[in-house]
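Following this message is one structure expressed as structure tokens.
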Amino acid sequence: MKRVIETSHAIALAVKLARVKVIPMYPITPQTHIVERLAEFINNGTLDAKMIHVESEHSAISALQGALLSNVRAFTATSSQGLALMFEILQIISGMRLPAVMVIANRALSAPINIWNDHSDAFAVRDQGWMQIFAETAEEALDSVLMAYKLAESKEVQIPIMVNIDGYSLSHVYEPVDIPSQTLVDSFLPKFKLEDYLDINNPKTFGPIGFPDSYMYFKEAQHKAMKNAEKRIKEINREFKKKFKRSYGNGLVEEYKIEDAETVFVCLGSICGTAREAVDQLRVKGKKAGLLKLRYIRPWPSKSIRKALNKAEKIAVFDRAFSFGSEAPLYTELKATLQDKQINSYVVGLGGRDVTIEHFKKAYRMCSKNKNGWLY
Amino acid sequence: MKRVIETSHAIALAVKLARVKVIPMYPITPQTHIVERLAEFINNGTLDAKMIHVESEHSAISALQGALLSNVRAFTATSSQGLALMFEILQIISGMRLPAVMVIANRALSAPINIWNDHSDAFAVRDQGWMQIFAETAEEALDSVLMAYKLAESKEVQIPIMVNIDGYSLSHVYEPVDIPSQTLVDSFLPKFKLEDYLDINNPKTFGPIGFPDSYMYFKEAQHKAMKNAEKRIKEINREFKKKFKRSYGNGLVEEYKIEDAETVFVCLGSICGTAREAVDQLRVKGKKAGLLKLRYIRPWPSKSIRKALNKAEKIAVFDRAFSFGSEAPLYTELKATLQDKQINSYVVGLGGRDVTIEHFKKAYRMCSKNKNGWLY
Amino acid sequence: MGLPREEYIASGHRACAGCGEILTIRHVLKASGKNTIVVNATGCAEVVTTPYPQTAWKIPWVHSAFENIAAVASGIDKGLECRGIRDKINLLAIGGDGASFDIGFGSLSGAIERGHKFTYIATDNEAYMNTGIQRSGATPLFANTTTSPAGKKIHGKIEPKKPLPLIVAAHGVSYVATISIADLPDLYAKVKKALKAEVVSFLHAFCPCVPGWKYPSSKTIEIAKKATATGVFPLYEIENGILKFTRKPAKLEPVNNYLKMQGRFKHLSQSEIRQIQNYVKERYNFLLSVENSKCFDTLFK
Amino acid sequence: MGLPREEYIASGHRACAGCGEILTIRHVLKASGKNTIVVNATGCAEVVTTPYPQTAWKIPWVHSAFENIAAVASGIDKGLECRGIRDKINLLAIGGDGASFDIGFGSLSGAIERGHKFTYIATDNEAYMNTGIQRSGATPLFANTTTSPAGKKIHGKIEPKKPLPLIVAAHGVSYVATISIADLPDLYAKVKKALKAEVVSFLHAFCPCVPGWKYPSSKTIEIAKKATATGVFPLYEIENGILKFTRKPAKLEPVNNYLKMQGRFKHLSQSEIRQIQNYVKERYNFLLSVENSKCFDTLFK
Amino acid sequence: MIKEIVIYGRGGQGAVTSSYVLAKAFFYEGFYSQAFPSFGVERTGAPVEAYVRFSKKPINLRQHVYKADYAIVLDSSLIEAANVKEKLKRNASVFINSAKKRKYFGKDIKEITTDITSISLKIIGKPFVNISILGLFATTKLVTMESLRKAIYEMLPENLAKLNYAAAMEIYKNVVG
Amino acid sequence: MIKEIVIYGRGGQGAVTSSYVLAKAFFYEGFYSQAFPSFGVERTGAPVEAYVRFSKKPINLRQHVYKADYAIVLDSSLIEAANVKEKLKRNASVFINSAKKRKYFGKDIKEITTDITSISLKIIGKPFVNISILGLFATTKLVTMESLRKAIYEMLPENLAKLNYAAAMEIYKNVVG
Amino acid sequence: MNKKMKITKGAVIKEPGSTVKYKTGSWRTFRPVIDYEKCIRCGLCWSQCPDMAIEKKGNKFVINYDYCKGCGICAENCPVKAIKMVREEK
Amino acid sequence: MNKKMKITKGAVIKEPGSTVKYKTGSWRTFRPVIDYEKCIRCGLCWSQCPDMAIEKKGNKFVINYDYCKGCGICAENCPVKAIKMVREEK
């Protein structure tokens, strides 16, 4: 059924359709609409789940971990400072290989405090062993949550995952969303069942001390499992298409008018929409622009990127996060992936600065002169 | 005066020589020896400072911030989970441009819990707007703390800084250290005085809300200030040499037998010592190896790196941290800096796995075949 | 009224018309005076007063994060001590109920244990208002918030309000009190006492919130009055372990006089109102029962 | 002795010879039985029992971090509830004094407020032992630790011990008690009561530590006995707001009988011993004075 | 072609809800649509904005609205306070709630003014104008009153939907006749 | 050439302190030196190790010690429990605290055994062996008793330093004669 | 794309009370008007205004409409009902 | 460089009580020895051992020297002083 709803609402519906059982939650702008909607479902009796009104995000992520360890599907959402406060527990969850799913309504980091959208929260945690999707539309946000559960819980993966949506710029947008039926979702998403959990009939120990003789192997295994995920992401994307009649590129990346493009924009999340518009307008003027939308930054889809950008002459990367004293992080990774290409960096939209068609056009011009810049 | 002391002791002496006033502290292995030594100084009356026995690292870094805002020099130290728990406050401090100095006795991140050395803690916070030094020896650790205060407090910089020392592998090592006199240090390090602080006679507001119209400018300013630091680091290195009769490369990087080297090892921290040994042994066998020791990862010394590795044919980067689903972080940054070079990645010493001469020799061989690897 | 004339917070701030929290802070600052430093947690008060490049504050003020004001204040406390000017300065840590009852309570408890000197003010509007009225540990029984909605199955918040002043008093501090903008003389007297304490002192301030509690903006003071008149928010202080009411209504009004003024309670059934009445009465009676006896050990003197 | 035979923690763990903390946990588990899940904070108990690939635990056990056991337990509590097996399982959160008094207290306080059901056990060895004997909020007055050293100018810890059981009781929970390995029947009875509570129950366990307190490993039990005999660690419980001593020595021994057994107190001057004696007496008298009267409001029943 | 609408109101007045209702109505009308608020920290009483886009083709664009084709003003005092003029395209249409019989703009702007407050007070019993003013907008015939009705019922609890729709309809009829 | 020493003890016995004292002593002797513990989580009673490197040239090397030139064993029961043999170079020298008059190693290892505990008990009054056994090591003449004395006084509080040094000296004299 | 903005280092605001530059009077939909005939100069309105929008001028309390948001607290609580709330219209 | 180690996913340990593979008996420097002549089978030693190193076999309490660390608690508290601590020597 297609309805105009808020992206946050679409996500809440995805969580409901996934039959989530435990939802630890802590309020933070602009994530809050998601959990508010879930609280409504629960208090109205339309979702049979428990909400845990934790006293901090640190406890939200910890309670999420506890819920998973007790063998139920769980969910939480946060933003910015909340994600930052969870930091320590993120790698504890990934190190323990728990298939957590969390939505991040991306927002800038303090100081100064700023409640608007950029990607510094998501990028700040990119080494912590979580997979990370970025969704462009409300519908993709809903779909991504469903796919995220399936992916994270796949035996060969078992890695937690964050679904990123742009705070406000996507989270608070109403637009048409095709909401799948419960039956369809049930046919896609298996019942939750962990191999290892806290079971009085089969007592196991979780979170031991790993000495230097073992620790590094666990870390290599985490990395390998995440690399395995690339294949699984593609499979799930195909299966999703079969069942739900829609899909997203090859699952990892999505190409737009890229075949003959000379200059390719690379970006993440909701600004991809504006980028498409810019590509169209540039093409009207005879400029061969294209767009590579990255759906995942972890696993970093290096093969898909190389394939997609194989023929591109110039690449303009748009970063909405920054590594002070170094460079924009997407730019760095892209250069490292394509050591032989001209790549230019554009830092845009930090702290909710609007990203417009003009930004893409300007970047297009600068890129043709091999110039980088912060675009305001 | 030259004495055989523990690196942690050397750091505590540096803090004392810097006339630090407030020391919030929270215990965590392997950092603890530093603050224990400081507690001894204070309780014996040889250091006139206040220790704040905070209840968590989150409060340690917050109290550090408070102390600085009240216009006194301050210090804290942590490791691993402690640094992770501080995460949110790190960018709050850098965003507010407070010249904090903190020592990290580097240690692996949970899970599984592991108290031994690697660099995943330091690398996890590399985007948070703090400068980061890595010290190789006890003496360099002491010197780095002194230089760190001077650098962070420089008007044109005003950026917080972390001094990284390898947990256990350096923190718990006794070795000869030349301890400078108080007079000498006083001539090097000016009295502490902030331009902006909490002053009832000149009331100012700190940490306001930055709207989308201003936020991005603050972030660009942070980045620029950190880039300014490069010049300042070199100056301070030169001044240090004049006063203390020793210095470290150009301040940002240190070269060892690099002029004619065909294969150059790039690494950080205490394993540089073992790398030197390996270079010597390889050279005995007629293999032209060299070493580039990075002292700073933030600011990322791209110019110095390019200059130093200009003639290298092969580069072997040693990472002691990893970005799951992507690559080793130093490797990524190095590739992005030197897009035209053959660079190979060796992941070593995670979670206290010993890094030996054999590792360097093996990497040397693998590098000659353009092969990457995790070396156990 | 004999209140100091000087203001330490300026007009032009962005709080809702009728905000009880800003009014509370206005008076706390007037009581504390010029030589005051404020550490303020994230929350309404912080957001509405500091839209860069403007600030409403006329005294030195800092906001770091949501959960750490007690720790930041700890650093300032010791810094000022080192600078030899500690005695000249009133140091206030101001946090909302979310900051104080929930996310920042660990930090507050730690600061108390270490024996710091500052006054902590919990401005309690009984929910996370800055983020849009979510339930906190201070939200009262059955109140409707966006995360404890009055739904078909569950009718608002189902847990009792966390008894924060008593918990803080149990730490053994020398001064804890409740304050309300409905009683300014009481408020001023308590702020002054709190500032004299040599360790952490604690004030629990009742702060009606227009959109959060859903009442016409003109009713802010009246609601606060009713809270005390019905026993929902008794005015007392705990000095050196001894609890004393500073105002005691001759007879408590029925709690519904308070509830019915607010949209957040409009979903209540009669039985729920009765439950609240009993709940309030029990709490009130407990306080009465321990009044004047030493019911809290004092560790700090 | 009538104690259950089954052990839930195995030999071969790496605790110091004579460890009071492991012995405490051993008995708590025996009292709790087979159907127990443990959430354990970072600290000695965790480190010495789980050197991968070995574990000493025979029941399901998880360690996440240092500061979050109450939150992890909250998630498990609700997860078990959803699975319909909550009633079958005893859920224990076990943390050292560092975990419980300091870094994890915010998380515990939050879990209490939400009305979760689990038993929290603070194994108090009065310092951060796993990291090498640093001062915690539970370290007693004047004790020598590596961060509160007995120096020339400052003689050990200068702040009093945080009164955690009273603070937890002030939250309004239904069961709080102190336990000691020196009195196993008392310990077993209290663990069983704690497990029956419908909300968070809290046990404060006295755990002598050989290297931390600096005494010969054989003296673990004797020191625990002396702690109770001198009034340093009284055995009591607070049930529905009413405090009762479960053991009351006819006459308290001088506190020095306890202090002199331990290296951490060997630097004390006579005057400092007297101060400790007064301090202990005051605390003890306070407890006596509130015994049997309802001194804590109970919000959860 | 994408068309853009700005809605001006005050914190607490429901301008954001208006935008959502409108987006839903456009969707029922066969358009693609998008609605979003001005992402501010405004408190009760402060001027706020909300936006709607609609188009016959899927809408990818996600930048802010800079120059709108239509504006809806819930309170005429905002015209100055929020500088409505600045955000309007030439020849834009503006729908204003005002009891005053005056012109607010120059002649390059089309303006329709109605005393929405009075009508709302009469029909809803409260001065809720955010939904009823959409009846005024519906006079453009861009959305039918039927689509609007469906949207209102989807967004509001039934009792409120009924009253608000009735008010919108009254306003619509007043103008269309 | 860098030489390496391993010291074996039990948690609480002070093996780590021995290594520090030795490093200081080597430094006074004109060597560069380095000392560090085995970075474990061992508790009181568990076998622990500590290491010393010394060299006439600055020591860059920071890897663990895998094959030592010398071993010092604070408690003979550790020889088996800690598998001392495995970490020794061929022809290494081992200094053992034992009351037993027996050989612990084959002939490729040089071993010197003394009842350090008894001597320490006698002189220090406590079975502290970690410093006194260094007197036995000093019989190698790699460090003089004078350097050792300075190192001991630097590391321990004066009263303990005095007693420990006396014990070390007694042991040294017993062997050297 | 917008114009550059001048900023301070670390976002420090050095002008205390500078929100006075922002006139919240425009938020008002109702305007309090004091009837000085009735007013007994008790100052209650002054003390209860969350916007410091009532000033004591001489012995008179005067509303500063630049800042008054029209909350109505002053009118509600005036002991002699000397304040009326009047609808703003533009 | 060391040999590879087999690991479980997420470091889960599936063998409860497996520390028994590690014999802490080697930590001991003193050995408790029970004099069964004196022993009254009260079980106090069993209940007070932090290492579960005393087992009840039949109605006898037997020390398991594989695990006994020699702390001396049992000897210290035996009501009839039936346990002696004897120095270990190797």
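Some notes on this structure:
Labels for the chains are A, B, C, D, E, F, G and H, by order of writing; each one numbers its residues from 1.
As a convention for this text, a contact is a pair of C-beta atoms (placed from the backbone, for glycine too) under 8 Å apart; a residue touches a chain by one contact, two chains touch by 3 or more.
Computed from a prediction, not measured in an experiment: that's the story for all the values here.
Separation of chain C from chain F in touch steps, taking the shortest path, is 2. Ranked by separation of Cα centres from chain C, the top chain is F. Ranked by distance of CA centroids from chain E, the top chain is F.
Judged by contacting C-beta pairs, the busier of the interfaces D-H and B-F is D-H.
Between the Cα centres of chain B and chain C there is a gap of 42 Å.
Look at where the CA atoms of chain A average out and do the same for chain E: the two points lie 34 Å apart.
Measuring from the averaged C-alpha position of chain D to that of chain F gives a distance of 40 Å. Between the Cα centres of chain B and chain G there is a gap of 52 Å. Listed for chain F are residues 41, 45-46, each touching two or more other chains. Among the residues of chain C, those touching two or more other chains are numbered 14-19, 46-47, 50-53, 55, 57-59, 63-65, 67, 101-103, 105-107, 109-110, 113-114, 137, 210, 217.
For chain A, the set of residues touching two or more other chains reads 53, 55-56, 81, 85, 88, 92, 95-96, 110-113, 115-116, 203-211, 213-214, 218, 352-354, 356, 376. Taken in their complex, chain B has these residues touching chain A: 81, 84-85, 87-88, 91-96, 108-116, 120, 123-124, 126-129, 131, 207-216, 218-220, 222-223, 226-227, 229, 298-300, 321-327, 329, 331-333, 335-336, 339-340, 350-354, 374, 376.
For chain H in complex with chain F, the touching residues are 24, 26-29, 69-70, 88-90. Of all residues in chain A, those touching chain D in their complex are 21-22, 24, 49-50, 52-56, 58-60, 62-72, 74, 88-89, 92, 96, 198-200, 202-211, 214.
Looking at the complex, you find that chain B touches chain F at residues 3-4, 6, 30, 115-117, 168-170, 172-176, 270-271, 273-274, 276-277, 352, 354-357. Contact residues on chain E toward chain G in their complex (touch as defined above): 10, 45-47, 75-77, 79-81, 98-100.
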